[in-house]
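The letters A, B and C name the chains in turn, as written, and every chain counts its residues from 1.
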C-alpha cells in the first residue's frame, strides 16, 4: 500500500468545485443570489389586478377550444394575406441582396474595403430589432405594408449575409483553389468553386429565414407596418378572445407547415 | 447528365429538356408570385408619402440630433427592469423547458404515443408566437407591468430552449447511460449520472444564447405596455420627443452589443 | 453460480441472436466468449444483466432467477454483476472519482448520490481500487482527460466497487493497442483471482483469450459450437466457429460488419 493511499484513506471526498478560486466562487454565488432577490423585490405586482385577470385568462384558454374563424373572417383573411405577401416579397428581395453582401463579408474572397463595408451593413442590421426599424420606417414611409416589407428585407440581409459569410469562410479551400488554378475568372470561380459548397446551407438558411419572416410579420402590424398583427391587436383590445385564438392557431399552423416544408426541402438539397 | 448527338457531334447539357422546362416553369411561377406580391404592396402604399420620404427622414434626423443626454438619468429604472425581464424570464423558461425537453426526446420520453406529441405541441406553439404577442395577451389578462413582460419572455423561450435541449438529449452517447444502468442505478440516478452530465454544456450554451436574445426582445416589450425601456420609447414616440427617442435607441443598441459580448464570453468559457 | 437455460433472444427485426443457449459457470471461473461479430456474444452478456431482455429461457444467478425479476429486484441483482465495456463507457464529463463511485449507485439513495455524499467506506474503497490500478493521482481529473488504457482501468474500478460476484466484460480490449490490451486483460484476470470472481469475457482476439483464461466458449450464429480448455482450440475448431472459409479472413470481414450487427438494438431503433 503506497503512502499516498494512506494519506487519503479515511478522508472525506468532495467533488472538486467548478470554480477553483474560493473567493471568486463565493462572490459569484452571493452576487447572483443578491441580484435575484433584488430583481424579485423590484417587480411591482398588482396582485388584485392579477387575481381579477385570472377569469379572463381562463376565458382565453377556453377560447382555444372554440376559436371563432367566422365573425371576423374577412379581417383575418386580409391580414394573413398581407402577412404572407410581405413575407414572400421581403424574403425574395432580402435573399437576393444578402448573397452579394454575404460574398463581400467573407474575408477569404473579398478585398478589405468591401469586406469592411459589408460587415458594417451586417452589424447595423443585426443590432437593430425588426420592431424598432419598423417604427422608424413607418414614421418615414407612412402606414402600410411597404414599411413592413422594407423592415423584413433589411432584417433578412443581416441574418443571412452573416451566416453565409461564415459558411464561405469555413469552406474547403482546396476545392476552390482547384477551380482557380484552371484559370477561371472571379465570377466563374464563385460559380464553380464556392457556390456548390455553400448552396445546400444557403437554401436551408433561406427557408429558415422565410419562417422567421412570417413570424415577425405577425407583429409588425402592432406599429402599423401591415400584416395580421393589427387584426390581432384589435381582437385583444376588444377582448374578443375567440377571434384572437383563431388567429394564433392559424399562425401556429402556418409556422408548422413552413417548418415541415423546409425540412423536406433541406433533405432534398443535401 | 444527358449527352446526345446533334449534327454528328456529341452535345453535353447539364439537364434534360424536360428538366429545363420544369425549371423554367418554376422560375416563371416564382416571378409571377413575386410580381403579384409587389403589386399588392404597391397598391396599399400611399406613394406620395414615399416620394416625400427623404425630406421626412431628414426632418426626423435634424430633430433627433443631438440626443437629449440628460434624459439618461430617468432611464436607470427602465434599464434595470429590462435586465430583470430578460434574466428572470430566461430562468423561469429553463425550469419549464427541461422537463418538456425530457418528455420530447425520443430516448427519454415516458410515452412516445401520448406524452411526446403533447411536449412537441408545447414546443411548437410557444415557439411560433412572438414574445410581443404573448405580452399583448398577458397584459389583457394580468394587466400591464413588468410581470407581464417576465411571463411573456418566459413562455416564448420555453419552446426555443426545449427544442435545442431535446435535440441535445437525443444525441447523447447511449453506452454511458447503459453503463450507469448496469450498476443497478434507479431511473432517476441514471438520469442524474448518465444523461445530465452529457447535456450540461448544451444546456448552458442554450441558456446564455437565449438570454442574449431575450435582452433584445425585452427592450421592445414596453411598446405594448409590458415594462422595461420600451415604455419610455413608446411614450417619447407618442409625444414626438425625437431627441429622447434617439437617446433610447442608443441605449438599446449598447445593451444589445453588451449582451452579445457577455454571451459570447460566457459560451467561450463553458465550451 | 451462473446458469443459463435455453436462453433465446429474437430481435424485433427477426434476427435470432441467441438460439437456446445453455451454459453453466462455477464460482471463480474466468471464461472467454469468442466468435464472429453478430454471433450473439454481446447480446448474451447484455441478456444476463438484462440490458437486453431475453425472449425466453432462464438465467439463474445463484438461487435467483433473473428474467422474472421486478425492476426493484433486478436493480438489487445488477449490483452483483459488474460490467466492463468496449468503449469504456465512462461518463466523460464527470471526474474519475465520480465515475468510480457511480458503481455504488445501486447501494445509495438518490439524494445522497445526487449531492455526492457517499458513505466513507465507499470512498475509501474507491481510493483503494484506484491505487490498485495505479490511478490514485488521477482521482480528481475529468474522465475525458485520460488515455484509453487509463479509462478502461477506471471502468474496471467502477465494476469492482459494486462488490460483484460476477464480471460481465464486453470486448475490453477492442479499442486499445496490443500492449495495453495485454495489460488490461492481465489486470482483469488478476483481480478476478484476488477476489474469487467469476467472469465472462467477450473477446475477439483469440490469441489473447488463450493467453489468460481457463475456459473458452465459442459462439456461432447464436449457438455454442465449442466449450473447453484453451489448449483444445485447434485451427480445426476455429474453422467450425468462424465458418468454412479461412478463418483469419473471416475475422477481417466480420470487422466490417460490426456496425450493423444487432448488438445495440436501442441504437438501431432510433
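The definition used in the following text is that a residue touches a chain if its C-beta (ideal position, glycine included) is under 8 Å from a C-beta of that chain, and two chains touch if they have at least 3 such contacts.
Since this is a predicted model, take the numbers as computed values, not measurements.
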Farthest chain relative to chain B (centres taken as mean CA coordinates): C
Chain pair that, of all pairs, has the most C-beta pairs in contact: A-B
Distance from chain C to chain B - Cα centre to Cα centre, in angstrom: 47
Rounded Å distance, chain A centre to chain B centre (Cα mean): 4
Multi-chain contact residues (two or more partners), chain C: 98
Residues on chain A engaged by chain C in the complex (per definition of touch): 1-2, 4-5, 8-16
Sites on chain A touched by chain B in the complex: 35, 39-40, 42-46, 49-50, 52-54, 56-57, 60, 81-82, 85-86, 88-89, 92, 127-129, 131-132, 135-136, 139-142, 144-146, 149, 215-216, 218-219, 222-223, 226, 229, 232-233, 236, 239, 244, 248, 251-252, 255-256, 259
Interfacial residue positions of chain C with respect to chain B in the complex: 49, 51, 75-79, 81-83, 85-87, 89-94, 98, 102-107, 110, 113-114, 155, 158, 162, 168, 264, 266-267, 270
Chain B residues touching chain C - in the complex, by the definition given at the top: 106-107, 170, 173-176, 178-186, 188-189, 192-194, 197-198, 200-201
Complex contacts: residues of chain C adjacent to chain A: 95, 97-98, 116, 118, 120, 123-124, 126-128, 131, 136-137, 139-140
